[in-house]
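Beneath this line is the structure, given in C-alpha cells, with notes to follow.
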Amino acid sequence: MRDWEVVIGLEIHAQLATMSKIFSGSATAYGAPPNTQANLVDLAYPGVLPVLNARAVQMAVKFGLAVDATVARRSVFARKNYFYPDLPKGYQISQYELPVVARGTLKVMLDDGVVKTIGITRAHLEEDAGKSLHEGLANASGIDLNRAGTPLLEIVSEPDMRSAKEAVAYMKKVHTLVRYLEICDGNMQEGSFRCDANVSVRPKGEEKLGTRAEIKNLNSFRFVEKAIQYEIARQVELIESGGKVVQETRLYDSDKDETRSMRSKEEANDYRYFPDPDLLPVEIDEKFIEAVRLTLPELPDQKAARFAKDFGLSAYDAGVLSASRELGAYFEAVVAGLKAGHAKLAANWVMGELSSALNRDNVDIEHSRVNPVQLIGLLNRIVDETISGKIAKDVFEAMWSEGKPADAIIEAKGLRQITDAGAIEGVIDAVMAANPKQLADYRSGKDKLFGFFVGQVMKATEGKANPAQLNELLKKKLGGGGHA
Amino acid sequence: MHNLFIGELAERLKKRQISSVELTRHFLSRIERLNPALNAFITLTAEQALADAAAADARLQAGERGPLLGIPLIHKDIFCTDGVKTSCGSRMLDNFVAPYDATVVARFKAAGTVMLGKSNMDEFAMGSSNETSYYGPVKNPWDISKVPGGSSGGSAAATAARLAPFATGTDTGGSIRQPAALTGVTGLKPTYGRVSRYGMIAFASSLDQAGVFARSAADAAAALQIMAGFDARDSTSVDVPVPDYSKDLGSPLKGLKIGLLREFFDGLEPRNAALIEDALNIYTGLGAETREVSLPHLPLSVPTYYVVAPAECSSNLSRFDGVRFGYRCENPKDLLDLYKRSRGEGFGAEVKRRIMTGTYVLSAGYFDAYYLKAQKARRLITNDFRSAFEKVDLVISPTTPTPAFDIGAKMNDPVLMYLNDIYTIGANLAGLPGVSVPCGFVDDLPMGLQLIGPHFGEAKLLNAAHQYQQATDWHRHAPRGYE
Amino acid sequence: MSLTRQDVEKIAHLARLSITDQEMPVYVSSLSSIVTFVDELSRSDTEGVLPMAHPLDGQHQRLRADAVSETDNHEKYQRNAPSVTAGLYVVPRVIE
C-alpha cells in the first residue's frame, strides 16, 4: 500500500446578484414561471445581439480586488461552442485567453486552526445556461430559459488542496467572501453557488500530476466533501488494482453516495473558442478600479483580525464570528451593549446557544428570534449575577419561543438567582441533614461526593443558587476533606 | 413614375401631385406583372403596404415633410420585420414570423416609408449569385438567363427592374456592391458600425453591414441618412455623428486624389479595363488626380475571408436547432437526431459547406493555422488600406471581374464562385465603406465601378459617385422591358 | 489539403449536420478544395502581427446600466416554437 497524495482544484460558479442579465435586460429573479424572463436575446432569436451589463463587470473587479488579484485592463469575451438544449445560441459567451481577473490568493483557515493560502488561477465572466426539466414529460425534456443569460463569475483555484476537508474550507471561504462583497447571494439550493471539483491522486513525493476526473455541479458543502472522498477512494482503488484513471466528467449521486461517469460528455468536446465578434474588448481603467475599490467592505479576514485584537478572541473564534457580515454585525452589536471586558461571553453565546437555535430552526441570522438588544438584556443578567449561566440557557430558550425579553421571563418564572448567603446556607443545612451517609462518606475522604451536594442544593433551589457562592459556602460547611 | 428618383418622388408627394397610395399601387402592379419572371420577392406585403401608404398620405396631408415619407421600398429578407415572415432565403426559417423589427426596418418605418415586400436572397446571405435560395434563383432583368449577383440578388434585381425606388441589402463580402454592378444600379456598403446590425440575421458578425440599392448616389444618400446612426442594442455600433450626406453631394472634385489599386489591374480583362479607363478620364476631367497605390497583401483577402466568414457563421448558425423556432425535422428519435436532421434538412448545401468549413478552421489543431492566421492577414490588409488612405482620398477598382454569368455556371465549383468577390472583400475585412456605380456595358450587360473610402468617409464617397453620375448617364439605363 | 471522409464525418458531427451517404463524396471534395484554397494563407508572412478580431481598431465594449428593461412576452415568442408544453420548450429527453 503506497502513500497517496490527493490533488484537488475547484471551479466555483457564483451567480452575480445583478438585477438584469449579463447581456440582456431581462430580470434575474429566481422562481418565475418558465420562460417569462427570457427575451429575444436570451432566446437567441435571429438577429439579436448582446450588450454587456456594467454591474457584472464591477462585481467581477470587486472580487478580484478582494483576492489581491490582477484586474485585466483589457479582457475579451469568447464563444464556447457546443450544442445543448439549455444553451440557445449553441455557444456560451465566456472568457478564454483574457479573463477579467487573473492570479489572486485566498487565505483559508483549516479545522485545526492552520491557515493555508490557496491560489486562485483566474476568475472570469460568463453567462449561465437555462434548465432542463424532466418531470411529467414522457421521453422528453422541457427547457426553461429564464436562467439563460444570468451572469456567472467562474472562479478557478490552483490545484492547491490536498484533502476533501481543505476543499470544503476553501469553498466555504469563497462563499463567505462573495456574500461579504454582496456580489452573490450564495444560495446553493437555488443554484446561485455551484462547484465543480477536479480530483486526482499521485504517489506521495511524485511531482507529476495524476489524471484527474471532474465532478460537476456540486451544490452543497456536504456533497462536495462526500463526493471528493468517494472519488479519492475510487481512484486509489482503481490504480492499486492495476487500472488507470480516465480523464472524464462525473456526477455525484447523493442518494447512493457515489460518483459516476456522465454518459453524454464521454466524447471530448472541442469547444472551438474564438473571440466573440459581437462584443468588443472590455477596457477597465484605473478610475473604474478605484471606484470599485471604494465599495469594498471590511473583508472577512480583516474583520476576524479586528475581532481577535480588539476583543481578545482566539483566531478560531474570530474566524467563526466573521463567517458572515450579518453574524459579525450581530456579535459586534451585542458586545457594544455590554460593559467592557465581556466580549468572550458574547462570543460564546453567539457561537453557542444562538447558533444552535438558528441551525435547529433553519433560520438565518437576519431572522433570528432573539435580536442583539434582547441578547444583551439576557447577558447583562449573567454579568450582574441576577441569574446563573445555566439558568440563562433556559431563559434563552423561553425568549426564543415566546419572543419576550429576558427580564420578563426571569420575573414570570421566578428565576432570579439566589445570592443571599443565608438562604443558601439554609438549603445547604437542609441537604446535609437529609443525607447523613453521604456527608459521612465525604468527610471520610470521598471527595467526589462534593458534586452530589452541589446537585442536591441546585435541585432544592431549582437551579437558582448562585454557583460561586454555593461552592464557597458548601466548602465551608462540609469542611473536612472536601474540595470542589 | 418608376423612373423617377427619390428626390423627384418626394417633391411630387409634397406637392400632392401624386399620393403615396397611388405610388404604392403603381409599384405593386408592376411587381405583379414583372416579378414572376425575376423571382425577386419571397414575400409581398401588399395589404400592409397600402395601409402604410395611406398613413403616410395622412402625415403628408397634415403638412409633415420628410425625404422618404411615403416612398416605397423593399427589405432584403434578412431583416426581421415584426409580424411578417422573415426567411433569410432558407427552408430553416420558412415558417418563421419575426416578432420584432430590425433597427434598420424601424428607422425606415419611422421615416414613413412603405414596405412592398421582402426580397429574395442567397440562403443566409451566403453566395454571389442568388442561386442558393430555398425559394429559387433570382434572374437578372438585363438577361433572365443570367444571375443578378448575390447575396442581395432580389433587392438588386427589383431595383434595376424599377419595382421599387430603392431596396435594402446587406454586404459581408460584396453582397450589395457585386449585385449592384451586375444589375446596373448603385449599391452602397457603409463603414462597419455605421448602421445597426440589430435585427439583421447574422452571417459573419465582424463583416456584415446593412446598406442600400438605389438608382443614384443621391438616392443612396437619402436612404443612408435614415439608416445610419448609433444603436445601443448593437455593441459594435459606433457612436459617431451622422453628417448630412445630401448636403455635400455637389462639392467639386478638384484636388480629390483617387488611387488605382495596382493589384486590381493586373490581369484585368481588357473590356473591363477600358471601362475603368473611361471612368478615370471622367474623374480627371472633373479635377481629380489619379495615382497608383499598392495594397500588397490584398491577394490574401479572398482566402482570409473564406476562413473568417465561415468561422463566424458556423457559430452564428448554431442557434438554428429546431428547438425554439424554425424548421424541425419530423419525428426526431432523440436529441442528436433532432439537431442533425433539423439542421441537415433545414439548411442548403452552400450553408452546410460554410458551416463545416468554419467548424474545421476553428477546431483543435487547426485554429492557429487557419483562423488565427487569417486574423493576422486581416490586419495586414487593413494596414495596407490605412497606408493607401494616407496618400489618396478614395481608391477605385472594377466591382467584379466579369459581367453577369449564366445561372448554373459556377454552382458546382465553390472556389470559382468565391473568386467573384475578389474586388469587394477587402473593404469588408477592413470595415471600409464602398459604393458601386454603373460604368458601362460589356456584352450588353452592365458593369460596375467601385469606390472605396476611409472609415466614415461615406459623404466623400457619395459625392464622388454623384459627380460621376452627373457627368455620365450609365445609371439611367433601364433593362429592356422594364423602362 | 485533402480531407478524408472521416474528417468530414467528424466535422459534420461537431456541427450537428446530417449528411447522407449520397451527399458525402460531394462534401468531401468541395471541402477539400476549399481548404486547399485557404491553405494559401500559410504561405504568407505574418510574423509578429497581432490578430484582428474586429475591423475597427481602438474600439472598446460599451457598458449598459444594470436595469430590467424587459417584460414577459413569452406567448408572442412561443408562437414560433415547434413544441411547447406549459411554457416549456419540448425536446427529446436530455440525458445527463
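The first chain written gets the first letter, and so on, giving A, B and C; residue counts start at 1 in each chain.
The rule is short, and it goes like this: contacts are C-beta pairs under 8 Å (C-beta built on N, C-alpha and C of every residue); 3 or more make two chains touch, one makes a residue touch a chain.
Given the structure is predicted, the values throughout are model-derived calculations rather than measurements.
Closest to the protein's overall CA centre, chain by chain, comes C. Taking the CA centroid of chain C as reference, the farthest chain centroid is that of A. Contact counts per chain pair peak at B-C.
With centres set at the average Cα position, the gap from chain A to chain B is 58 Å.
Here the CA centre of chain A is 41 Å from the CA centre of chain C. One finds 23 Å separating the Cα centroids of chain B and chain C. Counting partner chains per residue, chain C shows two or more touched chains at residues 14, 16, 53-54, 59, 61-62, 64, 73, 77, 89, 91-95.
Shared interface positions of chain A, defined as residues touching 2 or more other chains, are 40, 43, 45, 51-52, 83, 85, 143, 270, 272, 274, 277, 279-280. With touch defined as above, residues shared between interfaces to two or more other chains in chain B number as follows: 96, 99, 206, 232, 235-236, 314, 318, 321, 323-325, 335, 339, 359, 363.
Residues 79-80, 86, 88, 93, 96, 98-100, 102, 197-202, 204-206, 232-236, 311-312, 314-315, 317-321, 323-325, 335, 339, 359, 362-364, 367, 371 of chain B are the ones touching chain A in the complex. Residues 40, 43-52, 79, 81, 83, 85, 88-91, 143, 270, 272, 274, 277-280 of chain A are the ones touching chain B in the complex. Only residues 95-97, 99, 192-193, 206-207, 232, 235-236, 238, 297, 300, 303-304, 306-307, 314, 318, 321-326, 328, 332-341, 343-345, 347, 349, 352-353, 355-357, 359-361, 363, 369-370, 372-380, 382, 413-415, 418, 428-431, 455 of chain B touch chain C when the two sit together in their complex. For chain A in complex with chain C, the residues that touch the partner chain are 18-20, 24-27, 33-40, 43, 45, 51-57, 74, 76-77, 83-86, 132-134, 137, 139-145, 251, 262-264, 270, 272, 274-275, 277, 279-283.
Of all residues in chain C, those touching chain A in their complex are 14, 16, 53-54, 59-70, 72-74, 77-78, 85-96.
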